[in-house]
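Shared between the two complexes below is chain A, which has chain B as its partner in the first and chain C in the second.
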Partner chain A sequence: MGLPNGTARSAGRRTSRALGDTLFHIGSGTAAVGLLALLALISVILVLWAEASILAFGPEFLWRNLWDPRTEIFGALPFVYGTLVTSALALLFGVPISLGIAIFLSELSPTWLRVPLTFVVELLAAVPSVVYGLWAIFVLVPVMRRDVEPAIQGLLGWLPLFQGTPIGVDKFTAGVILAVMIIPTISAVSREAFLAVPQSQREAALSLGATRWETTRTAVLTYARSGIFGAVILGLGRAVGETMAVTMTIGNRNVITTSLFDQGQTIASWIANNFSEAGPLEQSALIELGLVLLALTLLINVLAHLLVRRVFRVAEGRP
Partner chain B sequence: MRAPKETKESSTEAMGDLRPARSRRGLWIGVGAAVVVIAILSYGVMSGWFGASTSPPVSLVGAGATFPYPLIEKWSSVYHNLTGVQVNYQAIGSGGGIQQITAKTVDFGASDAPLKPSERAAAPNLLHIPETIGSVTFVYNLPGIGTGLNLTGPVIAAIFLGNIIRWNDANITVLNPGATLPNQAITVVHRSDGSGTTFVWTDYLSKVSPAWAAGPGTGKSVNWPVGIGQQGNSGVAGFIQQSPYAAGYVELAYVLLQSMTVAKIQNQAGNFILPSLESTAAAAAAAAPVLPNGERDWGNVSITDAPGADSYPVASFSYLLVYRELNVIVGMTLSTAQALVAFLWWVVHDGQSYSASLVYVSLPSSVVTINERSIGLITYNGQVLRT
Partner chain C sequence: MRIRFDRDARRHWTDLAVSVAALACVVLALIPLGSILFEATSRGLRAWGPDFFLKNQPAPCSPQISVTCESGGIANALQGTLVLIALSSLLAIPFGILAGIYLSEYGNNRIGGAVRFFTDVMTGIPSIVVGIFVYGLLILTARDIVFSTIAGTVALATIMVPIVARTSEEALRLVPGSIREAALALGIPKHRVTSRVVLSSARSGLVTGALLGVARVGGETAPLLFTAFGNPFGFQGLDHPADALTLRIYYYGISAFQNWQDLAWGSALLLVLLMLGISVASRLALRNRFGGRSVA
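The block that comes next holds the complex of A and B.
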């Protein structure tokens, strides 16, 4: 602003642009490496804080089916089980619906509908989870108890998955509310992935005589698979780490049962519920539970990567 | 060969664009800065930065139980108007309160349960000052049946142990000859989060049922044999109100404010007592003669299953925890110590009059006497603060 001379200014700009590039490079690089350091730090701190529990219970912590503050014996199994079951249910219900929404939005929807629908989907992705939890308590739970669960029991009551008296708060309802919560995330992100598919891909498929569905399947879904995978992992992350909505719907019982109509508990919900009033050893055990959650998420991520890679390799006819 | 030319063009373009853009940005920065400065100044004016506030206001910091939070908030605002002393209370839970006062980072702690021996060992010379009384009630949702179902401690324990599973169980019907109890399963509801309410409830169940004492036992959270968990008193109350044939336990305030149907519980004297402010105060008064002094071990103090014809059997003190020698607190000064003692004195006397309107039970005079003695023990650098 203060420089009267145009050429001097432009020369100054050029160096500052180079300097800016360097600074940006350093800044973004630091941020990226910092992310790794953050993960390492979190793990280290968790291990340090969980030390008392790790020393007291050893590896048995992982498969012990008991959490008793009175005798101070703690185990992670019921919570790991509940986390896996509800997250799996959420993906089972959520992923097909999300992909349906994303396909409609990017491939099929008329233009006048596309904009408002996209807006709503993205809006839903930003709704805080406690709002979903409240909605679940006042709307979803009564509907599940009165209509949905008895109906399922009428059809499939002979399956061990649907035993017991349905009271509306159980693993099934928690799975449904988690599905509702991850649908906006997965559909918004996978829609972006579909939009990034070059138009020439679709045109090529159409020109070969493919139907609309065949085009979507061969050209769009295949091309966008890594985007879809990323979207599903984001959704899974939300499902695995959710506390409020799960606490409000799962019934909070530390048991392992086959029936989805029985209550359960997840790792995140249990930690959030009990941390503030826990004694020293229990607190340490809760932190170890957090460590288990971190490891579990990492494990799921890696397994999912491997699975997806394998599936697509088979689909593409490569060995 | 094209590339450099393009860069040059675009950079000239950018330069042409840049000047107005830059000055516009400067304008916006200026406006933004002005807004921020005005906001800060007006906030300062409102909060009296430029007034004649020569001595900084004394502020007391406390942390702990959520149960007395509304009452302490009320005290805080009334006391601020009276004396100018700020009382900042953080409702982080009893466990957190004990941790904070043990770490000496707050001026006072608050807990719904007395200190356990291990906690007492970690924070010696901590005084127990009961500041209010709460009670825990058995609430239920039975269509067609109103408030006042008769229950005994052993029957309630059997329900929570999963030994009585239907409403028309002979053990319940025999206590309620007039009522037609449905042949429906009892949905037992308990807290999913650790809580003082659970501590009081399980303390009572342990006293009246050997099976409960040997099994889940007493604690802020226990290993529940049956039932579903809901978060907070509001979660339990809300779930029961929505679910026919459900039953659980909540604080008295939820019964009185949300008009839930609630059971009468048989006390030691054999009477079936409806929970109320009066019957809870009666329990505290009946227990008062055997209370220890504030500096002693309160670990075994419990006013559940209290004697007395009108005592409601599931009641409990909530405690403020204060060091007997205040110089151990980080950053404590004489004026803060004096303010703390004055506040405590006010709380156990005038402060009690705010209890009833907020559905808390005020302390009986016998307990106030014990507290007066305890507050009299508090010193700063060895100097007694209340004379």
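The block that comes next holds the complex of A and C.
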């Protein structure tokens, strides 16, 4: 009596166990694949909404220098230009400082200072972008207008890049605030790339009589260069897509000018400023701008993660 | 010999100069952080008071122009931010942890690799793009709630899910394989091992991952501009627009009215304290769990 019953029960339990495992596997797998589906959905929805604009303007949209809601002709050039200029400025100011920070934190800092300092630099990333914008409006912009920009004009005023009356609300200030915002990203990722450099590399350089800087330059920086490159690209991705702080500092004028002390506009800030009041075709054009931004940042991030991943794979001894 | 000496001296001075320059970079980067904390505290505290936390948006007013200013606060925004964070966490954290479980427990294959990679990439999507995505999605499917609490929730959850998924995966991977094997050896089915043993061992890592997600979306403005939209009257239901501290900081910050600008700084102080608090708490815990490597 007991035996067959027992067998049946344990067989039943085994089935329910297999069923439970399968359900769990499928359930969690659905969530994981759901993430991919979400990314696909984002792209599909944007393409769907941008369709009217894509059909109306074709590829010319990307390089037309006109945004006219009355004649309903739209082009992206001023915003692409503004995005490129402000991101380039952000990298110009942000990359050297970030690398200095990463070098200090991983190679030079006394051990007791390392952890708290790393921590404080990372806090820069915790400040919301709109708070950077508010701080920029009330603190940074007046300083730029009063001190920094006139000083630069005094030195390099003959360059076409620094023409016009400094007003503080311009592409230059937007670049500076972006630099501040990408510093924690670039410094954290490159610091990790430095930490992934095997200690033997440093010891070899030191044993040849190299100073600490020579060790860093020859053994660490060379070894970690693709990680550094990945970090810079990640920072670029953040700068390209940043909206609020730029919207609040760039002055929001739809023009292309050489001078960095002129107002401008980026893709993200133009969407933020105009989306609510746009007519149907203009809205479609704005969503096409969003699509351009999405494509750009996806490309940048894919590249960055491929680079960063390679560094850590090598460091962890994986193929 | 003299040439040799000069070169060594130069190498020594170069070394020193680079060290000083690197330290200067650290100091330079911390100036904005210090300035933001200082300005937010000194300007923000002026706005703080019982009214600040309890009253809704006041009429715009500048003391230089009008004699009496109606007192007001950011109760509507604080309420909205809390509702949005709570709802989006409710949506994103279980989803994210489930995806994290897959990546860590079943994900050593091609699907896992693809999901892991694209999840990393997703964390880099600009938040304004997520805003117009949710707007477009709701126009197509549910026109009535385009500007609503639900729309804001979906937008924030979209940003939060990949972050939670990756941090959960990292936390679960830190659970030693021996613990899984010990439990499996007792004959416990794998789903039980995962849900009871692995998840509870990784509890603090999962909590800090979720907190990192909350800290990220709590500071988001751009995705809320065309979804939650803003609401000066406080929370009115899931199908009505919702306000947020970040939206108020933006609109008040670019306004020309003294009392609104004061409220912007008060809100900024509140938000920074909230975000830094969460960030400090989660990073301290993460540091213990991940042995010093931050989760990028």
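Throughout what follows, the second predicted complex is superposed on the first by the 250 of 319 C-alpha atoms of A that agree within 3 Å, B and C clash if a C-alpha of one lies under 4 Å from a C-alpha of the other, contacts with A are read in each partner's own complex, and residues count from 1 in each chain.
Keep in mind that, in the parts below, contacts are C-beta pairs under 8 Å (C-beta built on N, C-alpha and C of every residue); 3 or more make two chains touch, one makes a residue touch a chain.
Keep in mind that this is a model prediction, so the values were computed, not measured.
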{"item": "First, second, both or neither for A:263, with chain B first and chain C second", "value": "first"}
{"item": "Partner, of chain C and chain B, that touches more residues belonging to chain A", "value": "C"}
{"item": "Touched partner set for A:104, first chain B, second chain C, both or neither", "value": "second"}
{"item": "First, second, both or neither for A:168, with chain B first and chain C second", "value": "first"}
{"item": "Which of chain B and chain C A:131 touches, first, second, both or neither", "value": "second"}
{"item": "Partner chain in contact with A:42 - chain B first, chain C second, else both or neither", "value": "second"}
{"item": "First (chain B), second (chain C), both or neither touched by A:77", "value": "neither"}
{"item": "Which superposed partner A:183 touches (first chain B, second chain C, both, neither)", "value": "second"}
{"item": "First (chain B), second (chain C), both or neither touched by A:248", "value": "both"}
{"item": "First (chain B), second (chain C), both or neither touched by A:205", "value": "neither"}
{"item": "Chain C-contacting residues of chain A that also contact chain B", "value": "137, 248, 276"}
{"item": "Chain A - residues contacting chain B, complex", "value": "1, 6, 9-10, 13, 66-70, 137, 141-142, 145, 165, 167-169, 247-248, 251-254, 263, 265, 269, 273-274, 276-279"}
{"item": "Touching residues (chain side chain B, partner chain A) in the complex", "value": "11, 15, 22-23, 26, 92-96, 185, 187, 192-196, 216-224, 227-231, 235, 238-239, 242-243"}
{"item": "Residue ranges of chain A touching chain C (in the complex, touch as defined)", "value": "17, 20-21, 23-25, 27-29, 31-36, 38-39, 41-42, 45-46, 48-49, 96-101, 103-105, 108, 115, 117, 119-124, 126-135, 137-139, 180, 183, 185, 187-189, 192, 195, 211-214, 216, 234, 237-238, 240-244, 248, 268, 271-272, 275-276, 286-287, 290, 293-294, 297-298, 300-302, 304-305, 308-309"}
{"item": "Of chain C, residues touching chain A in the complex", "value": "11-12, 14-15, 18-19, 21-26, 28-30, 32-33, 35-36, 39-40, 43, 95-96, 98-99, 101-103, 105-107, 111-112, 114-115, 117-130, 132-133, 135-137, 139-140, 158, 161-162, 165, 189-192, 194-195, 215, 218-222, 225-226, 246, 249-250, 253-254, 261, 264-265, 268, 271-272, 275-276, 278-280, 283, 287, 292-294, 296"}
